[in-house]
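Here you go, one structure.
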Amino acid sequence: MHALVERLYPLCRSITGDGVRATLDIVGEYIPLRVHEVPTGTQVLDWTVPQEWNIRDAYVADAAGDRVVDFRASSLHVLGYSLPVSRTMPLSELRAHLHTLPEQPSLVPYRTSYYKPDWGFCLAQETLDALPDGEYEVRIDSTLADGHLTYAEHVIPGQVPDEVIVSCHVCHPSLANDNLAGVAVATYLARALARTTPYYTYRFIFAPGTIGAITWLARNAERIDRVKHGLVLACAGDSGDLTYKRSRRGDAEIDRVLRHVLTASGRPHTVNEFTPYGYDERQYCSPGFDLGVGSLSRTPYAGYPEYHTSADDPDFVSPEAMADTLAVCREAFAVLDRNRTYTNLSPYGEPQLGRRGLYDALGGRSDTKQAQLAMLWVLSLSDGGHSLLDVAERSGLPFDAVAGAADALHGAGLIKA
Amino acid sequence: MHALVERLYPLCRSITGDGVRATLDIVGEYIPLRVHEVPTGTQVLDWTVPQEWNIRDAYVADAAGDRVVDFRASSLHVLGYSLPVSRTMPLSELRAHLHTLPEQPSLVPYRTSYYKPDWGFCLAQETLDALPDGEYEVRIDSTLADGHLTYAEHVIPGQVPDEVIVSCHVCHPSLANDNLAGVAVATYLARALARTTPYYTYRFIFAPGTIGAITWLARNAERIDRVKHGLVLACAGDSGDLTYKRSRRGDAEIDRVLRHVLTASGRPHTVNEFTPYGYDERQYCSPGFDLGVGSLSRTPYAGYPEYHTSADDPDFVSPEAMADTLAVCREAFAVLDRNRTYTNLSPYGEPQLGRRGLYDALGGRSDTKQAQLAMLWVLSLSDGGHSLLDVAERSGLPFDAVAGAADALHGAGLIKA
Amino acid sequence: MHALVERLYPLCRSITGDGVRATLDIVGEYIPLRVHEVPTGTQVLDWTVPQEWNIRDAYVADAAGDRVVDFRASSLHVLGYSLPVSRTMPLSELRAHLHTLPEQPSLVPYRTSYYKPDWGFCLAQETLDALPDGEYEVRIDSTLADGHLTYAEHVIPGQVPDEVIVSCHVCHPSLANDNLAGVAVATYLARALARTTPYYTYRFIFAPGTIGAITWLARNAERIDRVKHGLVLACAGDSGDLTYKRSRRGDAEIDRVLRHVLTASGRPHTVNEFTPYGYDERQYCSPGFDLGVGSLSRTPYAGYPEYHTSADDPDFVSPEAMADTLAVCREAFAVLDRNRTYTNLSPYGEPQLGRRGLYDALGGRSDTKQAQLAMLWVLSLSDGGHSLLDVAERSGLPFDAVAGAADALHGAGLIKA
């Protein structure tokens, strides 16, 4: 996964343009993608698909012709969606277009201006402080023109058309934790799931933040009812503990599954309530949709000093952290995928498990077995109102033991889904 | 407010009679009052309006003719609703009619006998202990006869006929915290509200305890449905921390508002569950009405040693404490009055705030603004099931910020009430 | 009660057979019992009544003819439901039929094989270790043949046909805490209740574990709706603190009553959530019935080292512990039996208690009386949605005071059941 992050890192992504396409091309080498191109001007919910932005070069050069700010060094150096410019101007005039982080003077900030026409450069405060007054050549070789918004999907068919969506944003340029780690974990999660025959259909969405999720929602309005659960992946690779942010519902099944898996695994972690800011869970959980979509991060949105700066580079994310995030996703989907609500077909008294070969025949042995306990719990709570996750949480037994007991009881015809 | 307390203090109030009328006359100098007179014998719910009691003078005089207990010194000296008496009797016979507080020997207790015909005097144990045996002249110049029960209302019309009632008792004689402080705070609260154009109609009720509230309820049966919220004010001026007692419902909007305001203000305070004793919240919250009426006090009912004694005098209440009680009432009604439940008219995805001038155009700035957060929260929770107070509590944002965001969104046509 | 335990202790009980009959004969000397005999082969819910097992003698004798394991010394020495056997075999072959507790080498375990045909002996590990190799005479003089399953009921008629069941198992052989203490407490509880005229009808069930409760449920399917509450008694005599295990519902009235009584009494105790293993609450609480049946024990099921061993003898249970268990049962049933939900017939404002002689006439006395508070609480909460137990818990008043207030108010015609 770290190699994928490193490969994607130099590309200049934005909410539209060839940087997104190049990103999806590379992801497409790992998992097959269906790429969608949505024309500029398309009405999507309350929004309109904007013009497409592309950039080839940009710099500020001093009187000697030396580039003192150079897009070729980092895609962060240009204000996202900058209009083209080619002028010479004194530093005093240029300053209004320069963005720095005075409190983190060695870092380059990440800035965009998608919806207000503007141009600008981002640079370290230290760099700015070292610039002598005088005339500078300012050049941004960009185009903002009718084109398309690009996003992609990867679908793993399940036994039922009900869907689980996994969504990550692909609109941030050279930032590693804040989007590339999520892209990498999603990609490898898709590869892992593709080797199974899951119960649910899993749909992976790689789309630019906000406008991309809104575009996807607008174009899938008629199938939204199929989306039963979902997870937004972001900030998936830093060294912090895992953080799960609940869906707006707060008690959706995905919320309960993540809490259970994080707790049962013994990992230090945090579970936060929903807030209407962050990543695209904002859109999936908007009150009209109100989907059961949570968000898994390590250190969450805006919670680390490297956030939205040049310090969020590939060194900031680790293979171990991404592997851990991936492992939790797999554990969570393993639970989600097996979590079913059964009805006991022999609910009056306990059914005689012994004659069905499901019970230790020699009564009174002190080593009561977890599998037998799990069967009793499943029988007791299978009244149509408790899922296997409910059984696991109420009994304190591992979900796997409970699901295994349910399989055995289902095989014996004692419960039905 | 303290001047009003001092002015009202000497009057001999009871559940009927000229003391109540004189009190309402004085309050009427501050705010216009509509005074109601309800004849003796009128059936009010399970009760009957009693005979009217008036008193001109009362004393116990020793053999030398000196008044050893004198109504002119304090209205507390006479058992409330004492029948007229004019006799001479030995101390030994008189004792059965003398009420003291043996454990607070310097204080005069407050006693009444509204519904059992009786007469008596209240005095300090020390005074009683100093009385020599012998004959005493005992005289109570009172009348108990058919007349009226008196109460008053002050109404501030609102934008809607839905009402908030503010109720305080006016039946206690020379006691400062236990009713006069509440009368004073209610009076000044009415004056403050009258300078606004509130959403709700505010009705202030000045009535004798129990029988007065019961009379008001009986005579307003057909309009009770309009009463949406209410607050009983009592013990409003002592130096203790504020105490809010919840309505019988426990989670009425007034309960949530008071808890929120007291907590948000940082004041030390206590919130108590409803109990079916105390002041007239007992009547408003009786199960047949079950109104959303709580009670605001400082040290609550019977919770201080000066309670129902001559020590509850104007020195026991302070201008600062009454001002603080008044301030909380105003803060609470400011929240209550603006607390509305909205519906997001653009609930599918976030509406594009930027093109409506509601969002900072330059993405990525680290100083996320409270106002923008508040708008996102209002949009997220405005599904018809969450009030602005819900939004404030769930978001942790100040109610004012949330209400301001709602105003902006309402102005932009994004939400409707 | 301890004498009853000692008398029942030597009998060899099992899920069928003459040991159960002899046990019920003795209990029948204390309280009249209706004994039921259900033929082998009868279908009961998912189960079938098994063949009846009886045993007269059993032993393992060494070459000298000395009994090294002897049923006459303890009924635990034979594996319950052992098939008849009469053979001589070397110790090496015999070992597969010998059951010990290697970690408690001086104790004899309790083992059964009801549904898998087998035979065997239980003995102390120390005894086994001392046996020399060689030939042993092995003899079990038992019969397993068509017959009956035996259980008994004792009914105390109440004012209503709604029933409270008290159930204990009678299938364990020489074990004192694990069934005889429960049998003794149930017997004396029935005697105590029979001296009263309870509101509910109380039905005591003495039946073999699992199959007995299932048989009772199967034969009483049409009257199950009458069972409103119930209690399973087991492990009722050891020196541990009391443990109440909630019904599957978790908040059934019996659950709330036991929690209230145990808490109010000040006894150290534990209240556990329902689990689908333990005693016959498993059957009564199976999801098809889901009765409000909890279980009262001292140290619960399998929670003490003497459990299911020869150390669970009459010395392990004490008269004091059984008396304490009995006292709690009586306190709990006293609450349950009086717990009613009333409706206030004068719910608009407080009714005037004074003119009905229910209220202290002299207002303002500082000694507010518990009885008056209790009346106000009952009036306030009697809206058809709160029981007297709710009133007691919400007011913090003793249940007896609340129930007494309800009686007074009922007598005055102010509330109706």
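By letter and in written order, the chains are A, B and C; residue numbering begins at 1 in each of them.
We adopt the following convention: a contact is a pair of C-beta atoms (placed from the backbone, for glycine too) under 8 Å apart; a residue touches a chain by one contact, two chains touch by 3 or more.
Worth saying up front: this structure is predicted, and the values here are computed from it rather than measured.
Peer 1: Same or different for chain A and chain C, where same means more than half of the interface numbers show up on both copies?
Peer 2: Different-residue interface.
Peer 1: Nearest 5 degrees is plenty: how much rotation brings the CA atoms of chain B onto those of chain C?
Peer 2: Angle of the fitting rotation, chain B to chain C: 120 degrees.
Peer 1: Rounded to a whole Å, what is the gap between the Cα centroids of chain A and chain C?
Peer 2: Spacing between the chain centres: roughly 55 Å.
Peer 1: Can you tell me which residues of chain A touch two or more of the remaining chains?
Peer 2: Residue numbers touching two or more other chains: none in chain A.
Peer 1: So in the complex, the part of chain C that touches chain B is made up of which residues?
Peer 2: 344, 346-352, 354-355, 361-366, 368, 373, 376-377, 379-383, 394-395
Peer 1: Please give the residue numbers of chain C that touch chain A in the complex, ascending.
Peer 2: Touching chain A from chain C are residues 45-47, 80, 109-116, 118, 210, 213-214, 217-218, 221, 248, 273, 275-277, 282-283, 285-290, 302, 308.
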